[in-house]
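Structures incoming, each one as structure tokens.
Paired with chain B in one complex and with chain C in the other, chain A is shared by the two complexes that follow.
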Partner chain A sequence: MTTAIPAEGRVELRLEWDGRVVQRAEVRSRRPQPAALLTGRAPGQARAIIPRLYSLCGDAQSVAVEALEAVLRSGAPDSNAIADWAERIRLENIREHLWRLGLDWPRVVGEPQQPAPVRELLGERTRFATDREAAGNWAGKTFADLFGHANLAWLENPEPDSLAQWLEEAPTPLAGLLARLRPRLTGLGPSALPFFRGRDLQPMVQTALPRLQSDPDFHWRPDHQGQVFEMGPLPRQAAHPLIAAMLACQGVPDSWLRVLARVLELAGALDSLQRGIEPRLGIAWQRGAHESMVALEMVRGVLMHWQEAVPDGIRDYRIVAPTEWNFHPEGPAREGLLQLQAPDEPQLREMVTLQVMALDPCVQYELEILHA
Partner chain B sequence: MCLAIPVKVVELLEAEQALVDVGGVRKEVDVSLVDGVKAGDFVILHVGFAINRLDEDEAQRTLSMLREMGVEPGAAA
Partner chain C sequence: MCLGIPMQVLETDECVALCERRGERRRLNMMLIGPQPVGTWVLALQDHAREVLTPEQARQIDEAVLGLEAAMRGETDLDGFFSDLELPSAVGPPR
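Right, the complex of A and B next:
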């Protein structure tokens, strides 16, 4: 059986534009779910199947299914397993950040792509997960290639002037890329939706477990106590001194802050890897009578795996991806698109591309523009 | 939640590009992230890049699972 959902899933954007302003915006995200493949199989088989199905976020998906199995088996994962998962997720997060900043954004602004660090990490990820010295050496070299050595006060302090100086003077491709992006992203995609906070992870799991049981569409349009959140690097970096200062100044986050938060998170992750600092993983779980679920913080936000199983096997299995929050029908993507002003359709399409990329869906998107 | 779509490399092109078969549809992709890719290999495709090589049996098992999920790999092209 095949469905209308394309192989990699899709985010659909439909805008009503009056020739000047976007008057209405609809956002819908759809993707294949693994339930059809898993229903009737023994619960342990999810661990063999799920990791095969996902590409760049494969480690996060694998960790989620391993954690779910641990919850089913013994009620909770052990600390050694969580430490191992945290390292895998850290490396995957770094790889994703390098992909966005080295491959995707340069393509959009016409800068040369920087595939080398992504290629190195793809090739060495298994070794780096256990060989801390090799991982640390690679992280130090990559940090220097990306950031150079001068004018880096902005990485730890609330100093926008230091950032501006680095953008202007640093001889690295990343600085050149960001200098070109800043004027195009500033003010674009504003959203006043609250940020997801790590301390809400366990309460979210407790409320999501019965919601997934009772609402067959919850995974398309999740909420927590009626609220939709923005997820990803910006909420995680909201307390960073530079981000906090810029948020206090401008009030509402925009696409530039989202990209800057990604850069800061990458810098922090490379620095901690280089210095041998243990990563921390945001993870929560809950076990019910027949259902269990795990939620963990991965690069784009919270990833949830939920499974309903009876003695005969899996009855249902659903995944709530973080893209479902940022591209929720009432989420930050829609907020940012409403009232977007563009003088012509090509510029509107370009501005939408920039906004969408800053929110980083895990699938490609389709844009339909209706002339109001 | 990007699905890992296995595709077969049909022909290597210049500048680390390659022609792959995605469910019967030919598509040009970038193979610069994986060392030593050659025609006949199966690779995992992610937004225009090959990111991993796998053997044919494994590729066919994954494709079979994707079809069982209701996914038509050709739609990724």
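Right, the complex of A and C next:
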């Protein structure tokens, strides 16, 4: 695993498999950093350059750059800016969940794809960011299309029976999709690593600020107080009554819980948008002598932007993406891969696909299987 | 940190379009944005066209990706990849 890093970045997975069980797993995430493009430039130019590169989680990346600029300028972003960012991130999160649940997962299990909701959102996102009534109407219609009206107690309460009944009756294409996914994802990709919690965001920024200055490899293999965390929708939904009940029952999370957490997060975001509830953005920042840093919760987990600037311009700029946590060499992806059992290589490859998609559907990976 | 790549539609049908960027061709799923006429610029992620771009947006993203690739090869004169931006007035020493 020593080839050059492609501009698009890559996750590399290498498994040693004895024909039945995986005996060894290596995970490496490699992405080019933007520092070389920004060195010597005025800090404000990062705002123009970074969104051009990382345009696919473009709102989250843009918000991180804008927030970092605000921290550099005045020490802290103002509340109006944070409210605007929170709405952009909420809409981006909805868009990403609709994309994965409407297009990617149906393709994997051979169900018809459902592009209409995400296509509508992509077409209207500029208007929805300011026209709350239009966004709310769209969210209400989309919620009904995705979830229907019956047996929805599981969306707010710890009621696995209600969920099972909804899946069994399959009143919507989403329910039918999830009913087919559940047996394939249950028990797949277990990880006992701790969840990253929102309350850890500010402490993590405080410790990561000097670490990024002193450790040139921190962005490849981050940790907080020596610990690697799982990031993303499941940790964010861990306190949801249904997720909490299922976690208490099964002990460790699996791929089914990760997908279910995305569904619950999507339902909650659509519901809050429909009801006109202001979104909350998990964001933290810190300014040092020459370095500044922002971390925010986006759809895939915590996104960190760190910058070192001197009067002549930017000296260094690094981004720590959620992928670097979930696909950390000692992270939850590796934990799950080490538990894989498959009778043949095609089934092993399919299990890897399902596990990676459940942990982070955005990740492109290369898989190498060595026969032990 | 997924990079989007701008690609131009060469051939199209209802769901899939053959697209090209700098000689590289890919068949992109068009379900997210609907069928687009030949010549349209789109932003590609994996095998999906994610959004329609103006020619100016496509040029800016294309040059930024080229700039990143040049930086990865060790090139240091990268201002040409951001021709629409004001050049840095001073360049600090690289670390």
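Operating definition for what follows: the second predicted complex is superposed on the first by the 365 of 372 C-alpha atoms of A that agree within 3 Å, B and C clash if a C-alpha of one lies under 4 Å from a C-alpha of the other, contacts with A are read in each partner's own complex, and residues count from 1 in each chain.
What we mean here is this: a contact is a pair of C-beta atoms (placed from the backbone, for glycine too) under 8 Å apart; a residue touches a chain by one contact, two chains touch by 3 or more.
In this text, all values refer to a predicted model and were calculated from it rather than measured experimentally.
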item: Which superposed partner A:Q227 touches (first chain B, second chain C, both, neither); value: neither
item: Partner chain in contact with A:R119 - chain B first, chain C second, else both or neither; value: both
item: Touched partner set for A:T353, first chain B, second chain C, both or neither; value: neither
item: Partner chain in contact with A:I319 - chain B first, chain C second, else both or neither; value: both
item: Contacts of A:R41 with chain B and chain C, given as first, second, both or neither; value: second
item: Touched partner set for A:C362, first chain B, second chain C, both or neither; value: both
item: Touched partner set for A:S55, first chain B, second chain C, both or neither; value: both
item: Partner chain(s) touched by A:Q339 [first = chain B, second = chain C, both, neither]; value: neither
item: Chain A positions touched by chain B in one structure and by chain C in the second; value: 5, 7-9, 31-32, 34, 36-37, 49, 52-58, 61, 103, 115, 118-119, 122, 319, 321, 323, 362, 364
item: Residues of chain A defined as touching chain C within the complex; value: 4-5, 7-9, 31-32, 34, 36-37, 39-42, 45, 48-49, 52-58, 61, 99, 103, 113, 115, 118-119, 122, 310, 312-316, 319, 321, 323, 362, 364
item: Chain B - residues contacting chain A, complex; value: 1-5, 23, 32-35, 44-47, 49, 51-52, 61-62, 65-76
item: Sites on chain A touched by chain B in the complex; value: 1-3, 5-9, 31-34, 36-37, 49, 52-58, 61, 103, 115, 118-119, 122-123, 303, 319, 321, 323, 362-364
item: Residue numbers on chain C that touch chain A, as the complex places them; value: 1-5, 29, 31-34, 43, 45-46, 48, 50-51, 60-61, 64-65, 67-69, 71-72, 76, 78, 81-82, 85-86, 88-95
